[in-house]
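Here come two complexes built around subunit A, the first alongside subunit B, the second alongside subunit C.
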Partner chain A sequence: MGKIKLGRSRFAAVAGAVALVSSSLILQTTSSNAASGKILVIDSEFNHKTLDPQREFEDGGNMMDRAIYDTLLTFKGSDASRPVPSLALSYKANADSTVFTFKLRKSARFSDGTKLTSADVVYSLDRLKNIQGNPSSLMAGLTATATDPYTVVITADQPDTAVPVKVAGPEFGVVNSKLVAAHGGYALVGAVTKDKAENYLNTTSAGSGPYMLSKFSLTTEVDLVVNPKYWGPKPGYSKIVIRNVTQAVQALDVQKGVANIAIDLSPKQVDSLTGVNVTAGVSTTVFFLYSNANPQISAVTSDPNFQNAVRYALDYKALTTFAGKGSIQAAGIIPSAFQGALKPADATKQDIALAKADLAKTAYKGEPIGLRYWGGGAWEGISFDDFATVISSQLAAVGINLKLQPTPVGDALTTYRNGTDTMGLWFWGPDWPDSSNYSQNFGPGEKVGLRAGWATNAAVTKVINAVAIESNPAKRASLYRQFQLDLNQNSPFVPLIQSPAILVSTKSVIGIASNPIWKVNLTELK
Partner chain B sequence: MKRNPDSPWRQPLAVIGVTILAIWVLVAIFAPLIAPSNPIAQNYPELLPPNAHNWFGTDSVGRDILSRVIYGARITLPLSIMLVILAMIVGTVIGAIAGYFGGWVDATLMRLTDVVLAFPGIILAMAVAAALGAELRNAVFAVVLVAWPTYARLVRGLILSSKNADYVTSSRLLGASTTRALFVDLRPNISGPVFVLAALEAGNGMLLLSGLSFLGLGARPPSAEWGAMVSAGANNFDKWWIAVFPGLAILTAVLAFNFLGDALRDILDPRTAKALRE
Partner chain C sequence: MFGRRSPSEKSGGLRRNTLGNFIIRRIAIGIILMLGITFISFSVTQLVPGDPAALNLGQSAMSDPTIVAAWRAKYGLDKPVPEQYFIYLNHLIHGDLGLSQQSRRPVSTDLAEYFPATLELATVAIFFSLIFGLLFGIIAAVTRNRWPDQVIRFVTLTGVSVPTFWLSLVFFYLFYFKLSWFPSNGRLDPGVDSPSTITGMYTVDAVLHGQFALAWQALRHIMLPAIVLAIYTIAVLTRFTRASILEILNNDYVRAARAKGLPESLVIRRHVLRPALLSIVTIAGVAFGNLLAGSVLVENVFSWPGIGQYAYRSSIGLDLPGIMGVSIVVAGIFITMNLLVDIAYRFIDPSLRHG
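Coming up: the complex of A and B.
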């Protein structure tokens, strides 16, 4: 073993040297800056599409915008369910969760020195609602008004207990309304065509957070510098450099100290690193498998007996072993951190005999069934090619013959969204950190339900409708559990695993926590 | 062989090339007998470094890499040979038609050849493979599409230089058809160089095919294709054994094809053969 280890580290050293030489320019800037102790370098696989807070909807954009813009409420550390004060010092909800009143702090200022008032909050929330960007659905049914310069009221058409967690999302980041309006911003109805502020917000930030945007790119590097006029305590770094780096190189960088934090490493990649801090959490990403319930797509996969055969054939323990340390079986489609999540005991268990019996009830004769997935893709360290390979060998054991269809992500998303794939392997990360995100998407006739060809199921729809108007937390939790138990027995979906969320950092980084919404809160780092 | 019975085969490189290729062909034929494990069964712990049991280690889902490299010979070798034969046939036919008939036929076909040659091979092959869908069959087709112009150019040149030779003219005067002129009179003179080119191109074809699989445009998982295996290693490049062994397999096979091509050229090309004799 000693010899093998030597060989491996020597190989890593050689590979590292190659990477260092090839990126010597970056290395020079980072290492000279690292000496001052004020610069933080982060390696991440970029997935942000914009940094306009009312348009961004990816966790990469969340991470950056969380540091630039403040929200009414926020989350601390790894938590994503108990909002704490930020711009709002306190809030009150009425009994049926339709009116939320937020009291703003008076000390908050934007980076240009102007005071942040309720008008800026209302402008930002109106803009979120009206520009019809990816996250606009978060404001559906909600209306923001200002009753005085430091009071904001959010009214919901229907009871919506998720409002406090929704407003903690970076999509609700408060922009400097005068500045944004002066640069093409428009917040009222019609903003879908009239708002032209996205480019401005991708070059200059207009927030009140501890950092400001100083360099923007979708493909190479995003830089943040400290906001000298920040109203709160001074953040830990004077500059944060976020670079777009592939997983394998992230491992080398953080090992060598070229980067301070690696965001996207898998448990297996982390195993071979030494002298670094590893912060593990369970992510809220749920990987799931579906068998299309639409008989026009496949007579086989639409048979509930086939769907059950798939469900019981899978070896969930082996799947979590595959996904690595820190991953858990997804007991239901709602991740473990949220209200109404199923307990591990409720999770589907492997039962080969049952799977074979269910399969025998179908007309299936061993013909290959296509399983579509993101070929060459990896999410939170889990390779889709490998995951699909493991699943296919498990299903082969009961006689289900999968034809793997790795497909470039754009094409795969198209057929997935069109609902034309016989089977699919995908994941779902919450749009907002609340169980309602799942009942509103995974039900029959809902967005993801239709992708899996699942059009109707009266019993499940009844539960979804009941939970939508229920404001009592205990009753909501019970309804969410019912919804998921139904899904686990009587739907095309098979929840598989929740992936581990791992942050690897050098010893110099203090205060790091893995958060499901923004991965890491840059403002908490010292 | 007849022309020059012994000297080329005394070249050590030629012998090495043929030996390596013969070994790979045997490995491919007898894969089920040699391989210690099923190439797609996930029988072992993941990411084991090479050890007494798994000589080449295991990959990220616990498959024995030695077995996968052995079975990979069954995919990569026959496909490389097949695509070379296809490209050779297509290129030779087009080149022969262009060269023999000349005029607008020649101009049209050669401009088409120029268009294909103007693209970097891997880019055109990627575009074709991506458009047709990621499957090994389509990747082979894409490589053939990229590879044929080299043959067409060569064959056209050979035909041009010999179609007006006295023996062809006299054959035509005796009433021989175009087909006969092409296949009986001219073919022997062009087959030698074409075979040399084919042997040299086999290595390129294999590289291109592996390259497409590496990019995810060729073999589908879980099939054990060498290029795809190297690609899996790129995701874990601190685990050197995942990519190195299939990479060595590609290296040795391509090298062998090149050595063989060199040897064939020495035998079939009258000038080098003469030089060797003297």
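Coming up: the complex of A and C.
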């Protein structure tokens, strides 16, 4: 076979053809993007497991479902404490916060044009309750009924002042009941086995929100397109593309303008960025330390003097410096944004002399005390390994010798929830944005209290019981403050910091605000 | 019509039978191996002390015994462990790999979605690896101890030493962020719809649908992760090829060929490369298996939705059906690759055909 020889002119022709084909291909690619209209690209580290509103419980899923499904009430901007009207134009509660009546707007329609009525709301809330999924506990003790096509009544078994903020959560997103039922949905008792609509809701949305689901993935990309039948103002973008991207790549994408918003950057990463907007807020995530109060787990850590020594040995200012710009000391276990949060002046302050004195009252002889935490894990840009190391060095200064126990998250969660760790470093993000979420979990004998071996404390329990039935906002706030001051002095818990919440966006994005429930409200972006 | 077959036909039939028997025997061994692997994987996942429910349910849900019980029942975790294994095997025989706790879909559906992405990436990577690995290996061998050899040896040593995760980030920063030679991560540009699925490999599917612009875009997206993934394999193949060729170059028959005055290129092509191919095919087969099964870090950095990402997600979520599914696929890859390599031996080296 002879060799192929290209003459100069033939070579030029081939090169020209290649250039022509290449440029046409590039033009085709570009035009296919341009034809798509105004697109918003968001980089995020995916953590959602589903977009079925009654099953999802992760902040990534919250962000997406907030744009697809409307709720009775909602939050605006970065505020997650004062619900505002959404599907419900108004609501009223009875005196003891056991009956909540919501009046629905009549103009709301689902994306297929069907009218949204109280039957859809009741179906969605029943499904949330009976499906026994991750967020079902939010409906514990609550019952929804429809008194007419545009009135919904939620009844609580016990006084529950948190109902208005609970129903603003995306888990309470209202689905098109007929459509969902036609695709395997089941809302009544027995839904745990009979409901088969999850896969349908991961491919096709059935909501009344400004956007509809057009592409779903757990690992690559979720696309939302504008809902042409939306009853409210037209949203700012015709399409929103949310991509699963690692932190390091997010920083590059947003600087290059390939992504409009980067969700998960740490304060240290943000410091080095240029030409972008940074929206800094304080997260509602509280990192805390505990010393197990159960003498059967540890005679040392269960001693209140040891717990106080830990409390006063810590340098809280150094901890916020470690956590990065935007973080603050957690004055109490309830985050600063919520009702009854403590003021910075109420926060525990470092007192080395007091810490040493308290430690001297114990039988502790310097033996290693295990501190369990999520090894290799990070939350909101804060590495548990680094955080534990900082804490260990601070406690060593007063003579407390910690044995760091970094543990894979699954194992660490198991021992933490079993209450068998001597000391633990954890965080708490609210299940619903209300202080009651903390009083119902961190008290003696409550869920997290028991994890820290804290079974009884009559005084604190009295405050918790009082706040549970108190509907006066000022009195509730006062009781929450009392609860936290007690916790700061007489409990195994030491609130440490509230982590920073940072959103980085290109200059073109308008209306961005960091929200603790859904990170960013996609429907507010212009 | 039914006349006696010639001796050559007989030997051809014998060869086919021998090869057929060999393949059947290897497949049978493969099935037994797979069975063993399911047992080992299942046992190991049971030994991990973490509770899958703790990872998959939230704080509130975990403290509600009804919700926890419902979750365990849904995934069959409420039954004794041996029973769980036999139920799994029974389902496996019927092609059911179980329900993923992470995606809440059948594992087989997940694997069918994720595996083609990895296959596409690994295929491009092995293509680069074979071209450059063989080329550099030959150049290094024939220029032994001279500067081209020294440079190649230094570069390949670096290639096998540099951590892939670090290399991924550096390449991404340099070639995407700084130089803009390649697009951002993912399989396509943001918001661009993928081609209708035929093979699951976007480049192939786009071409089959006549969407050449989309195929070009998919190809541009695959290049950078494939190059990063290929670097280690190129380095290994280069070193292996060089060593194999050097060993053969010392043989008497090569000296004889040179003494006869044959051109060096002909000596290399005919008398050196062919015998060296046997060992190179072995390493290339294993390398392809490694590329298919070991792209977790690259897939993470480049947001490549392949089996590596699926394995990672399943592992951190203690998603037992997901982990088992990935284990079976990875085991299947290596068993298949070894079988293909052994079959390839028989074509490369005729003396093995009757072995």
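Points to keep in mind about this one:
The criterion applied here is as follows: the second predicted complex is superposed on the first by the 489 of 526 C-alpha atoms of A that agree within 3 Å, B and C clash if a C-alpha of one lies under 4 Å from a C-alpha of the other, contacts with A are read in each partner's own complex, and residues count from 1 in each chain.
One rule holds for everything that comes next: a residue touches a chain if its C-beta (ideal position, glycine included) is under 8 Å from a C-beta of that chain, and two chains touch if they have at least 3 such contacts.
These numbers come from a predicted model, not from an experiment.
Applying the stated clash criterion after superposition on subunit A shows that subunit B and subunit C can sit side by side. Of the two partner chains, subunit C is the only one touched by A:414; subunit B is not. Once the two complexes are laid over each other on the shared chain, residue contacts for A:231 go to neither subunit B nor subunit C.
Of the two partner chains placed by superposition, A:427 touches none, neither subunit B nor subunit C.
When the two complexes are overlaid on their common chain A, residue A:248 makes contact with subunit B and with subunit C alike. By the touch criterion defined above, A:385 reaches subunit B but does not reach subunit C. Once the two complexes are overlaid on the shared chain, A:393 sits against subunit B while remaining clear of subunit C. By the touch criterion defined above, A:272 reaches subunit B but does not reach subunit C. Residue contacts after overlaying the shared chain place A:100 against neither subunit B nor subunit C.
When the shared chain is aligned, subunit B comes close enough to touch A:375, but subunit C does not. Of the two partners, subunit B and subunit C, it is C that touches more residues of subunit A. Once both structures are overlaid on their shared chain A, subunit B and subunit C have a minimum Cα-Cα separation of 6 Å.
Taken together, the two structures place residues 248, 252, 408 of subunit A in contact with subunit B in one case and with subunit C in the other. Subunit B makes touch with subunit A in their complex at residues 40-42, 46-47, 49-50, 60-61, 130, 134, 216, 220-222, 231-232, 234-240. On subunit A, the positions that touch subunit C within their shared complex are 22, 25-26, 28-29, 32-33, 36, 39, 41, 49-50, 57, 132-138, 140, 192, 198-199, 215, 217-221, 223, 239, 241, 243-246, 248-249, 252-253, 255-256, 258-259, 408-411, 413-414, 417, 428, 431, 441, 447-448.
Subunit C makes touch with subunit A in their complex at residues 48-52, 54-64, 66-67, 70-71, 74, 102-105, 114, 169, 172-173, 176-177, 184-187, 189-193, 212-214, 216-217, 300-301, 303, 305, 309-310, 313, 316, 318.
Those residues of subunit A lying in contact with subunit B across their complex are 4, 7-8, 11-12, 15, 247-248, 251-252, 268-269, 272, 322, 375-376, 378, 383, 385-386, 388-390, 392-393, 404-408.
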